[in-house]
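Here's the structure we're looking at; comments come further down.
Naming follows writing order (A, B, C and D), and every chain is counted from residue 1.
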Amino acid sequence: MAAPKSKLMSLTEAVDMVPDGTRLALGGFAVYQKPMAFVRELIRQGRRDLTVVGSANSYDIDMLAAAGCLATVETSYVGLEKYGLARHFRRAVEAGELKVVDYPEMVSWDRFRASQEGLKFWPIPFLGGNDVVTYNDAIKEFPCPITGRRMFAVPAADPQVVVIHAVAADDRGNVVLPARRLLPQSGDVLMARSCDTVIVTAEKIVPHSFIKRHARLVEIPSYRTKAVVEVPFGAHPTPVLGRYLADEDHLAEYVAASDSADSFKGYMDRFVTGPADHFDYLDRIGAKRLAAIQDMDSLL
Amino acid sequence: MSAAPATLYETMAACLARDFADGEVGFTGLLTGQAAAIYGTSIPIVAMELARRQHAPNLTLLLAGCYHNPDFSALETMPDSEHDATLRDLPAEAQTYDYPGQWALKRGDISFGFSSAVQVDRQGNINSVCIGPHDRPKVRLVGPILQPEHMTLFRREYIMMPHHERRNFVEKVDYVSGVGYPGGLEGRKELGLDWGGPAWVITPKCIFDFDRERGFMKVRSIHPGVTAEDLQGATGFDLGDLSGVPTTEALSAEELRIIREEIDPRQMLLKH
Amino acid sequence: MAAPKSKLMSLTEAVDMVPDGTRLALGGFAVYQKPMAFVRELIRQGRRDLTVVGSANSYDIDMLAAAGCLATVETSYVGLEKYGLARHFRRAVEAGELKVVDYPEMVSWDRFRASQEGLKFWPIPFLGGNDVVTYNDAIKEFPCPITGRRMFAVPAADPQVVVIHAVAADDRGNVVLPARRLLPQSGDVLMARSCDTVIVTAEKIVPHSFIKRHARLVEIPSYRTKAVVEVPFGAHPTPVLGRYLADEDHLAEYVAASDSADSFKGYMDRFVTGPADHFDYLDRIGAKRLAAIQDMDSLL
Amino acid sequence: MSAAPATLYETMAACLARDFADGEVGFTGLLTGQAAAIYGTSIPIVAMELARRQHAPNLTLLLAGCYHNPDFSALETMPDSEHDATLRDLPAEAQTYDYPGQWALKRGDISFGFSSAVQVDRQGNINSVCIGPHDRPKVRLVGPILQPEHMTLFRREYIMMPHHERRNFVEKVDYVSGVGYPGGLEGRKELGLDWGGPAWVITPKCIFDFDRERGFMKVRSIHPGVTAEDLQGATGFDLGDLSGVPTTEALSAEELRIIREEIDPRQMLLKH
C-alpha cells in the first residue's frame, strides 16, 4: 500500500496558510492551551487585518493586538483571569483601532456548533434586552416556526482557518486527546469540526501506531486536518493539559511589561520578533523554567 | 491464490474502487442478511480496501459509520451487528461513539455512502418505509433510517440493490425516503439540496448511473451473461435503447490478486 | 451531614410513573441496550395509548405493539436488524392500529438535542422532496433568518418520561458509563439530558464511593434522575456493552414465535405475563444461558 | 474552634445558605483576585457546603461549573484558575468536560449562580463589557462572559459585588450584559425571558433583593455597623426610605461551628 500523505510542515509554512484579512479561530479557551507559538509566528510575519472569532480569549488576542495584527474580535471574553484586563487589547479598543463584537460565552460555542452543522445560524431564545443584540446587526430576530415565540438567529462562527494546539498528532493529521480532557480541549475538538482548513500544532508528532493504540481518543481524524506542525511547548506560556502548567513567572513578566506599548517593546524584541525560531524562543525561556512547569497526566 | 475466475461481486468491487478518489471518506453500514450484507457491506469494504491499495492511500473507510480504517485482519469472523462488543475491540484509527462525532455530517465530510432499498425509481428516489399508502400500508418496512441523510448530506451515494426485479425497480416509489433527481440537478437545487444524490445503482444485472441534469437513471454497463432483454424485463420502467451499452468491465489480474491475497485471504467478506 | 435522598424503587413503582397516554422515550439504539425489563413491566401493567419517541427501535416497540400498548411511534427505524422486519409492529401498522411518524435517523437525535437545548424545533436544511415532510404536519418550513434559504423546523422530541438501562448507578441517581462507550450509550446520555423525568434501570446499584472513583464517567448526575431501579440483565435479550452480549438463542425464539399474534401468545405467557417478577423471568431464561452471554469490558 | 467573632463573609455565607432549597444545583465560577475571589467563589462555596450540612443534603455544588460536589478536603490550596490540572485531579461526583455537558443549561437545570460585575443598576442589569460608549469606550472590560446565560437561563442569580461605590451602583449601566428586570417580570416576559433574573445583590454594605413585579432593587438588610446614610451615599440611585430595613441577620453558633470546624478548618476559603 502506498504511504498515506504527510501533512507535516514548518510553522512558517503553516502561517502562510493564513493571509492578511483571514477570519481565524484560535483554539484553547481563556488562558488555557492557546496556540501561542503560532500566534508569535503570525506576528513575526507581520500579518494584518485578521478577524479572530473565538469562545474566550486572552494572551492570544492581547499579543496580536499589541502587534497591530487585528481588525476585529468576536468572542465572549478577552482577559487574563487572575491578572485582570488584557492591557493591549483594552488600549486598542479604547483607541478605536480594534472592533469587538461581543457574544455570550455559551452562544460563542453555539456559533461553532452552527458551523459544524452546516447552518448559518444558531437559534437562541434568551437574548431579549441584552446589549449583545443592540450592537450587532448580524443577529436577526425571528419567530420560532413552531410556537411563534421570539427568537434570535445568531450567525455561525464560520472561520476560514482554525488553529489548535494539541498534545499529539501523526503526520497524516490524526489528533489524539488525553482521556481526561477538560472544557478547553473539548472546545478545540468543536472548532476542528467547524471548518475545512484546520491547522494543528502539536507537542509531539507520534507514529501512526500510537494513534491506533489510542483510537478511542482520536477526536480529530486525518480528513479534518490540513496541516500538522510539531511545536514542543507550543502553547507556552499557557498550559497544555497533561504536559505542562502555565508558566506563572513568564505570565507575570508579560503582564508587568504590558503597562504601555513602549514598555512592551522590550518583551516583543526578546520573545517574539527577536528569536530566530521557536527553539530560540524556548532557549530564551530556559530549560530550568520549562522543566519546572512539567505536568503529569495519569499513568493508567 | 485461488484459480477460480473472478466473481460478479469481485467485479463490482473493482468497478467501485476505480470510482473512488484519493482522500475521500467512505461510509458503510453493517448490513445483515446474506445478499443485503454482501451488497451493503462486503462489496463496499473490498472496494475501498482495493482503492486504498492502489490509487487512494488516503481514503478513509468508516465501517458501520464509526470505525475509521479498521484492521480487518484482526477479525475472526465478520460481525453481523453494528454496535456490539466485537467492533468496540477492533483496532482502528478512530472510533465514533457520539453524535455529532468526528465527521461533520452536515458540512459534507462524507464523500460517499452505500444504501439499499426495497424500491428505487427512475429518478433515483429510494424507499424503505412502506409499500402502498403510508397510513395503511400493504407492507410496513423499517423506516427511513439514515437514507435521507445519505441521499443529501453525503457527496454522492451508491445504491446497492441485491435484487433486480420489477417490484424493486418501479416507475415511482411509494414513499420517498431518499431523494434522487426529481427535476434533475435544478430540481434538487429548488428543494434546497446543495450537493449529493445517487451516483450509481448496482444490481445483479447491471450498473446504472444518472443523467443528473435531466434527472433519470441510465444503464452504464450490463454484467456479463445478462441480455438487454433480461434487464428490461426485470425493470419496471423503460430503459431506452440498450444497444450501445458496454459489458461491465472485468477486473485485472492484479486487482483480483490484491482482493484475494491481501484484502480477503480468508474469504471472510466475499467467497469465491 | 444528613444522608442524601435515595431514589431507589421497584420496577413496579417506576412503571407507575408512566401512566396511560404517556409520551415516552426508551433508551438504547436499534437492537442494543434496550430497557426490556421495563418494557415487559409496562405490558404486565397493561399500559395503553403510549406514544414512543425514539431514534431507532426494535424489540421494545415490537413487544409493546404485540401487547397493544401503543398509539403512536415516532422514530427512524423499527426492525430487528439481521432478523428483518419487526413482525408485530408491522402487523399493527398494516392494520391501521398504530400510527407511525417517520423521521430520519440523525434528525431523530436532533429532536432530542432540541429538547436538551430547551428549543421547540431543530433547524434542518435537507428535507426538501422527502416524504418524511409530506406525512408530517408538525414539520414546518421556514426561511433561514440569515440567508433566506429553505429550512425545515423539526419538532423537538419532548418526551414526558425517558427510560434508559445503564451499567451502574448509585441510589441518588448518579449514572456511570463505561469508558469505551458506543453510539447507543451516547444516545442514552442525550435522552437523559432531554427530559425532566428520567428513570434509570441499572445492572447494579453501586455505592457512592464507586461513583466518586469514576467521576469522569458520570455522564448523568443525580439531579437529572428521578428514579433508579436495580435490574440485573435488565436489557435482556438485547446486549449491555461491557456486561453481556445479545442472547441470540432467545432472539431467534422470539422471532420464531412472532409469525402471528396467536403463535406469540405462548411466548408472552412464558416470558412476559407469566413470570411473577423479573427474577422469575431470568429463571425461565436459565443460568446457563445468562452465563453464556457474559461480556468482558477492559480490565484497565 | 477559633474564638474570633463571625466575620462579615461568614455572615453573608449563612444568609445565602438559608436561601438555598434542598435538591437545587448551584453554579460557581472560579474567580480570581482577592475580593472578587472571596465574593464570587469562597462565599458561595461556604454557603452551599453549609446548606448541604443543614437543610439541603441533596444540593449539588458545581465548582467552576464543572466539578460536581468536589471534595474540598482533598485540596492543599484553593486553585486560582478554572481549567488546569489541579481541578482535573480533584475528587468529585462528576466532571463536566464538554458543552453541552451534564447540565442541560437551556432547560433550566441550574437553580442559581453567582455573578459579579463592574456596574449594576436599579433594575438589576449588570455590565462587564465597557464603561462609556461601546465602540469607543472609556474603559474596555472583559466582555459579557457567561452573564447573559446566568441572568436568563439560571433559575435565579446572586450578584456578588465586592465593592459598593457610586460608580458601581448606577442609575443605568453603560452596557447590559446581564438583564435584570426592565419593566419588571412583565417586562422580562415581553423580552422572551421565561424565568430567572437576579434574586439578591450582596455587597460589603448590605443585601439587596428585588421588587420583581415592579422591577427594582430594594435593600433587604444592612450589615452591622453600616448606617443608612453610608449606604445611600455609596449608591448612585435613590434607595427610598431605609428606616424599616433590618440589620443583616447574624449566623448562629452552630452555623459558625460548621463553617469553621467542618467546611473550612484550614481557612482555605475564608480567613478569620
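What we mean here is this: contacts are C-beta pairs under 8 Å (C-beta built on N, C-alpha and C of every residue); 3 or more make two chains touch, one makes a residue touch a chain.
Only a predicted model underlies this, so the values are computations on that prediction, with no experimental measurement involved.
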Separation of chain C from chain A in steps, with touching chains one step apart: 1
Winner on C-beta contact pairs when A-B is weighed against A-D: A-D
Averaged-CA centre spacing for the pair chain D and chain C, given as whole angstrom: 40
Rounded Å distance between chain B and chain C, as computed from the means of their C-alpha atoms: 30
Residues of chain A engaged with two or more neighbouring chains: 118-119, 125, 149, 180, 216
In chain D, residues with contacts to at least two other chains: 95, 97, 106
Pairwise chain contacts, counting only pairs that touch as defined: A-B, A-C, A-D, B-C, C-D
Interfacial residue positions of chain C with respect to chain A in the complex: 118-121, 123, 125, 138, 140-142, 144-147, 149, 153, 155, 179-180, 216, 300
Complex interface listing, chain B residues touching chain A: 23, 25, 52-53, 57-58, 60, 68, 71, 91-95, 97, 100, 102-104, 106-109
Residue ranges of chain C touching chain B (in the complex, touch as defined): 29-32, 56, 75-79, 81-82, 84-86, 89-90, 93-94, 96, 99-100, 102-107, 109, 125-132, 134-135, 149-151, 180-187, 190, 239, 241-242, 245-246, 295
Chain D to chain A touching residues, read off their complex: 32-33, 66, 80-85, 87-88, 95-99, 105-106, 129-130, 134-149, 152-153, 175-179, 182, 187-188, 190-193
Contact footprint of chain B on chain A as seen in their complex: 1-5, 115-119, 172, 174, 193-194, 196, 208, 211-212, 215-216, 218-224
